[in-house]
Amino acid sequence: MIGVGWFIPEYLLLAGAFVALFAEWLFGRDNAGAAVGAVTATLAALAAVLIGVREPAFSGGLLELDQVAVTVRVAIAVLSAVYLLWLAARGTAPERSREAAALVMLAALGGMLMVSARDLMVLFISIELATMPAYVLMGYRRDDARSLEGALKYFLLSMTTSLVMLYGFSFLFAIAGSTSFARIATAPDAGLLGGFAALFVFVGLFAKMSAAPFHFWAPDAYAGAPAASVAFVSTVPKLAGAAVMVRLAAVLVPGAPSLLAMFVIASLASMVLGNLAAFPQSDIRRLMAYSGVAHTGYMLLALSAGTASGNAAAVFYTIAYAVPSMAIMLIAAEEGSELDDFAGLAARRPAIAWVSVVFLLSLVGVPPMIGMFGKLMLFTAALEAGRLALVIVAVIMSVVSAGYYFRILRAAFFADGSSEPSVPLSLSSTVAIGILAIATLGIGVFTGPLFRLLTAGF
Amino acid sequence: MTLLQPVGLLSFMALSAVLFSLGLYGALSRKSAVMVLMSLELMANAININLVAISRFSAPAELTGQIFAVFSMVVSAAEIGLGLALVIALYRQRKTVEIDSMQELKG
Amino acid sequence: MSETVSGVVFLAFAFATIGGAVMMLATRNVVHAAFWLLEVMLATAGLYLLLSAEFLALVQVLVYAGSVAVLVLFTIMLTLRRREDAIRPYEPGWAAAILATLFGAAVLFAVERFASQLPPGTMPASVPDLALFGQTLFTAWAVPFEIASLVLLVALVGAVWWSGGDGS
Amino acid sequence: MLLSAIVLLPLAGAVVSALVPKDRGDIARWIAAVVTAVDLALVVFVALRFDVGAGMQFVENVAWVPQFGISYHLGVDGISITMLALSALLSLVAVVASWNMKTKPAAYFAMLLLLEVGMNGVFLALDFVLFYVFWELVLVPMYFLIGTWGGPRKEYASIKFFLYTLFGSVFMLIGIIALYLQTGTFDMTAMVGAGLSESFQWWVFAAFFLGFAVKVPIFPLHTWLPDAHVEAPTAASVLLAGILLKMGTYGFIRIALPILPHAANQWAPFITALAAISIVYGAALAFAQTDLKKLVAYSSVSHMGFVMLGIASGTVEGLNGAIAVMFSHGVVTGLLFLIVGMVYERTHTRMIQDVSGLSNQVPVAGGLLAFASFASLGLPGLSGFVGEFLTLLGAWKSDVPAVWVVIAAIGVLLAAAYTLSMVQRVILGTPSPIVSKITDLTVREVSLLVPLVVLTLVVGLYWNSLLRFTDPAVARIVELLAGA
Amino acid sequence: MGYVAAIALLPAIAFAILVPMSNRVRNKAVPVSVAAVVISLALSLLAFAQVWPGGHGGEAVYHASVTFATLGSVDLGVGVLLDPISAVMLVVVTLVGTAVQVYSLGYMHRDARIGWYYAVLSLFTAAMLMLVLSDNFLQLYMAWEVMGLCSYLLIGFWHEQVAPRKASLKAFLTTRVGDVGFALGLAVMYKTAGSFDFQVVLHDFAWAPAAATTVSLLLLFGAMGKSAQVPLHVWLPDAMAGPTPASALIHAATMVAAGVFLVARALPIFEVSGVALTVTMIVGVTTALVGGLLAAVQHDIKKVLAYSTISQLGYMFVALGAGGLVAGMYHLVTHAFFKSLLFLGAGVIIHAAHTQDMREMGGLAKKMPVTTVTFTIGSLALAGVFPFSGFWSKDEILTILWHEGHYVVFALALAAAFVTAVYVARLWFRVFTGPTQSAELKEAHVEMLIPMGVLAAISAFIGFGSPYFAQFLGHEGEWPAAAIALTSMSVAGIGLALGWWVYGRRTKVINTRPFKQRAGFVYDALTLKLYFDLTYDYFIVRGYGRLAEMLSGFDRVVVDGIVNGAGAVWRSGTEVGSLIDTYVIDGAVNGTASLIKAAGAKVRRIETGHIQAYQGLMVAALVLLMLWFVVKGA
């Protein structure tokens, strides 16, 4: 088993999860689990970076660490580490955060496996492993009916679509006679059934990425769930989902070219619906849910290009979306998730206020933040593939998005709210948000190395 | 009668399609969360039939289909467990399992 | 066994599964629906035997018939405050019916088109025995097996978390 | 390294100034003053060592995202050196003008310095992505300057300003990407010679036109300017009118004309028409205003109409005239806004009917306001006349439809009308009750205005002080236009 | 010869010194400005001496220039060009300028802002000298505009009152209308000839008639604005609201003459396009006639002189239109002297009578002998009576007209001369003869009388130099033909007689009251006897009066109406403009914003909260996609 060493990050996360489960007895403090989790996740990230690309597929072609897999694994590990660091500081009061830390690590583990899966079976199991903790995290406040209702909606809709996806997998298996991507890619053209199979698979993935018209669960689930878990669920699983979509698109699109048209439809629906519905929202979580739908729309725009640079841009853009929106949700978790909880933030915590400016502007796509470079590469790929009309819609919609993102800014800077800090200033939560800020600004300015990593993958 | 001619992969896949559609109907129409979960189990079952049939007819030696079916069963078992725990927790708060009553989150 | 499964037995099991499913959806009593689900599970186990997947049939009976059906019954019993709550109002849900039939028809059409291209009627004779199943499961597919165990762990943690809530 | 210092020094200043504790506002003030002064010194140093004949100089080119051909590419030539000098000078003037800013001074001066980074960057960038980064970077500090320290309707004005410009610039982004796909690089200088097909050029020019027209602003897209000006604090108004408007026209001269020469010629009649309308429309509305700042804002629309007229003419005189108007409008309107701001600090009203008879009560302020007004209406001997006359000359000389040039010439008359009607009511006549109680300008304030006055006179009397830099660069662009 | 540039720069330096001073210091620094203009006068005389033998045929005695702008291959410069025409103008401007500045010492000594007055005067003199000395049309245009500013500042000097403020704005804008034409003329010149320099444009470049016509008509339009020719004359009468010495300098001698000087300079281009010359002549003669008639009706003494200036300028345009550069310039020179004399005299009269309305004046001759003598010399010169300069220069113009064969214009010019004589007589008799109505009439201060004396002397004797003046400008000149001289003299005589007849004998009317009590019946007889007078009065005087009234009504209603109407239209245009801005464009912008918000609200309602609704929508989407796949046969 030569490749065992390659999956040290996964083992680390697994160990971290177990330790987190029994943190109270081992370390006495409830949040210790999250702290341990943060450490293991950072180590996992380091290990993933060190291992880097490994050519021969592991264990008979089930898992393979190519360029995209490594990049997204590192991103997942880093984001999970930052999230756990933040969790260690504040926890998910009033509930205890041991289980949350464990679930986060298991979800991250699932995400990592999803990304490197090269076989339908491994992919299906890892997707389940990645989304199951999300159900629990969304319903984490077990004695709050709203949170549970959100979780139930998420559970039922997600279950239906993953069963449809599984049905699609079975058809792929029927056509190719095997579940490995390589064999499926080379399978003879299977006509209508092949089309249906691809359609079912992507319906499942669209639901995971909350792309319109399969996004209905997201606004309700996010609004019910505690802002802390939304921060994780709306970002890390999406990273893994994007990587899987890119890989499956590369495998399935040659067989079913009208898939690209489906991406266009989904992208258009997501961008328009996401941006417009976000306008009248007053609850930050619901607003960020619709913003998630919109940004998935932009990502699908890159996928609809169907070219290698388009796929690379899609993955890069999802990272460019995940980092700032996790930060915004963490701030919302600290300050309170209603828009007027943000009022007077500039007076209370000027540093956090100015940092939220960086995050919001990155989501709008204003340079020099990472969002702009994401959009730049995305539009380049889309224009190269001739998607001019869609790019114009995307461009107009990103201007519209400035409208509702700035309502958060206006509340923070120009509305006057209570001036004493609502939550004691804890070091590690500020460090966590700080890391995200540097990532948003930093990556924006040093896009070179990150993008070299990605484009090499295709 | 077509039914009597040798039973090939087509009939199994047809059976699984019918079963899947019935399950889908159940998931879409039933008001009680438990009934929806049961319909979802039905759909999972259909998929397993499909997998095993394909494995049997196209590549029995590799057994991939059957193994896939096993894992699918494991997953759906885990899902139903989690789903029912969620339904019971929600019942404890709302004293009902009717999906229609769950409209507090909207807009 | 002949190169194809004998028609009659297949028909029997097919009728059992589809009939069970229809009855499950049609009955107005939730408890009866649970029993009908149990019946469908057993019928599919039979089908597996027909497809000479003995291990699967065994697992089907154990996992689905045994634990899943029982679990559903438990949940129903727990969430019924009064006996007559079990009787649910008749709810046809025509829109859902139309959508489901359309979906089914489309898939059937696709499957029929796909199956017609396959080489006719040949069903490979040799069927690997149980030992080979075990061996492949734990060599070629060891990784998914591990992941499956993690999925069960997550389900366990989630179920305990939601059912807990003793305010510790 | 010099140009990077010019751009990044204010960035460092902004960061340091932001970290200054809230109660020690005066440190932030001094940081800003020192940083802008040093920046100005650097710019002057560059200007002195600038060899007029040679094209791009002090070029810095470091690969940034090689796969896409994006590079950190700075350079300065005849046109950008003038705008850079204007930007550095007005930034220093803006900092000194808001010397006794009381509310949140640390953040205020940080925003001013960040604004300077964006402005200097735009004039120096030779790589499209870098240009776009600085172009958008300017929006953020200006949004906060208007939004936090602005007047009563500041929120509406600031968000309107941001969305208007963002709307224009995203289409510019599409143009930039289209150019990249066609030429394979984001480097402006490399694209100059690229033989782009005519229909392609037309479409890309349309995208750029939308982006730049919002910023200039040209007639239908100008309604953000009066609101932004009225609500912005004095220093922000000076920079908004002085520099931000010029980024649009600079964009035309640096990007649209040299890279898309054929499209520029095709679009010239349309742009001339819009320019003429902007001139007359701006003058008409300036005449009807009751608020001094709004009057100056609309006058800016009219003046920028002249710049567009010069650019559309595509002749040596026209383009030199356009840059002359850009430079002189920056200095003169800066002067106007500073004085109006100082009067506002004393009378707390900008309504023209409440403020009259300045020359009797505060002769220095009245005199300087009169001087600035005459410079803005284009009195020969002052810098206003240089640009207006050259643009008219260039426009007439080019083959642009003559009727628009006549309308623009009438615009000069209308400029005299609204400026003098303002001078009549505000400076001349008997002092109004409010004015009779105010004190004259302090030494600090006058010392702030004197350099601008001297600059207006120098450029007005000795035109070559400005044209020496711009003429060779313009000659190159005119060759490209003639060639297409 | 470097000092020639100093002539223009000295007053400019004086202005630069005076401006930064505070009001108090500046009021005491007035001598700086006077000294500057006196030195300039001396230098101008020296330069004149340098050029004296004259007859250089137009090429420059001294020419130096500095380039201040290079545009590609074209160099734009500021230069100094000394040739006979500019030498003459130099002397005229500096002489009248010095006279006005000395006179103002007395006239304005009590004013609080005399320092600022002198600063603007010296800036004005500098600009006029720069214009005269300029060697290219661009420099001429720039000096032209700076002069417009100075006239604005001087007319609106007492800006506390409303009338001067309105008049100054009207003056600046009307002249600015002319300047638009001038600027366009320069643009056309630049496009065709490629440069502004006199050398290139006037001599080297071969003008095509069409281009020459457009350029000259545009330049003429600019000149009409500045020299207040009909219809752009409306600003000059209102400009009388400024201080009288300023009017003397600006609205008599220099600024208004700038238009004539421009046409004189550009005459070679005018000559290439015949059309321009005839247009100039027509404009000139109509203005001369209309100006004269309007002057005859005014009651305000300064308005009379203003309209008289308009009329005399018309004369100069006629001369230039007929191709008579010498006649035009000569009339310009003589007019500058006697008109500034009349204005200064009017200043003294107004100071003494404390009113500008002639009907309240009378009998000043007895109390103010020096003023009367000087004013009379000026009036006679204006009327064109034999020994005085006006006669000679007007005569030159009439001979040119006769010589060139423009008989109709000749007749009209004669009619204008007749009208001029009438209003001069009217003015003279109204002011100097008749009952003295204001009490203490005393002679003006000495520093006011000396300049008037000098100007009177010049107006008297300069007439005799007309042939020498022609040679000086490089053309052969001889004494005017006797016949034409006699006709113009007789016309002037008749005019004066009519004036005396109507206004001179008023003594009888005014003091009729004491005479009536004593004479009783005799008085009635006398009046009866005079039926002849009444009828005569009724037909000629009343007819003449009615014509003049109608004309001034026309002037007020039609011409001024148009100008004010344009102002009103413009003002309502701006109202409509701001409405468009706030409602149409902003309406659209805010409209889209609220549209997006409304769309958002509508889209938001899809999230009904029902799980089954969500499931239904999702599966519906799925089925739709499947059907689409089936149709497309992917």
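Order of writing sets the labels: A, B, C, D and E. Residues in every chain begin at 1.
Keep in mind that, in the parts below, contacts are C-beta pairs under 8 Å (C-beta built on N, C-alpha and C of every residue); 3 or more make two chains touch, one makes a residue touch a chain.
As the structure is a computational prediction, the values presented were derived from the model and not from experiment.
Trainee: Touching both subunit A and subunit B: give me those chains, sorted by label.
Mentor: C, E
Trainee: Among the chains, which one keeps its Cα centre farthest from the Cα centre of subunit D?
Mentor: Greatest centre separation from subunit D goes to chain C.
Trainee: Taking every chain's C-alpha mean, which one sits closest to the mean of all protein C-alpha atoms?
Mentor: That would be D.
Trainee: Most remote chain relative to subunit B, going by C-alpha centroids?
Mentor: Of all chains, E has its centre farthest from that of subunit B.
Trainee: Taking the mean of the C-alpha atoms as each chain's centre, how many Å separate subunit A from subunit E?
Mentor: That pair's centroid distance is 79 Å.
Trainee: Please report how many Å separate the Cα centroid of subunit A from that of subunit D, as a whole number.
Mentor: About 42 Å, centre to centre.
Trainee: Distance between subunit C and subunit E based on Cα centroids, please, to the nearest Å.
Mentor: Centre-to-centre distance between subunit C and subunit E: 106 Å.
Trainee: From the mean C-alpha coordinate of subunit B to that of subunit C, what's the distance rounded to whole Å?
Mentor: About 6 Å, centre to centre.
Trainee: Which residue numbers or ranges of subunit E touch two or more of the other chains?
Mentor: Those would be 604, 607, 609, 611-612, 615-616, 619, 622, 626, 630.
Trainee: Quick check: what residues of subunit D touch more than one other chain, meaning two or more?
Mentor: Correct list: empty.
Trainee: Which residues belonging to subunit A are in contact with no fewer than two other chains?
Mentor: 121, 125, 128, 132, 135-136, 139, 142-143, 148, 152-153, 156, 160, 174, 191-192, 195-196, 219-220, 281, 403 - these are the residues of subunit A that touch more than one other chain.
Trainee: If two chains touch, include that pair; go through all of them.
Mentor: A-B, A-C, A-D, A-E, B-C, B-E, C-E, D-E
Trainee: Flag every residue of subunit E that touches subunit D in the complex, lowest number first.
Mentor: The touching residues are 22-23, 67-72, 74, 76, 141-143, 145-146, 149, 152, 156, 159-160, 165, 169, 172-173, 176-177, 179-180, 183-184, 186-188, 190-191, 570-571, 573-575, 577-578, 581, 585-586, 589.
Trainee: Taking the complex as given, what residues does subunit C use to touch subunit A?
Mentor: So the residues of subunit C in touch with subunit A come to 106-107, 109-111, 113-114, 117, 140-144, 147-148, 150-151, 153-155, 157-158, 161-162, 164-165, 168.
Trainee: In their shared complex, at which residues does subunit A touch subunit D?
Mentor: 350, 354, 357, 361, 364-368, 372-373, 375-377, 379-380, 383-384, 388, 391-392, 395-396, 398-399, 402-403, 406, 410, 413-414, 447-448, 451-452, 455
Trainee: Across the complex, what residues on subunit B touch subunit A?
Mentor: So the residues of subunit B touching subunit A come out as 9, 13, 20, 24, 27, 33, 36, 40, 43-44, 46-47, 50-51, 54-55, 58-59, 62, 64-65, 67-68, 71-72, 75, 78-79, 82-83, 86-87, 89-90, 93-94, 99, 102, 104-107.
Trainee: Provide the residue numbers of subunit E that touch subunit C in the complex, in ascending order.
Mentor: Contact set of subunit E toward subunit C: 612, 616, 619-620, 622-623, 626-627, 630.
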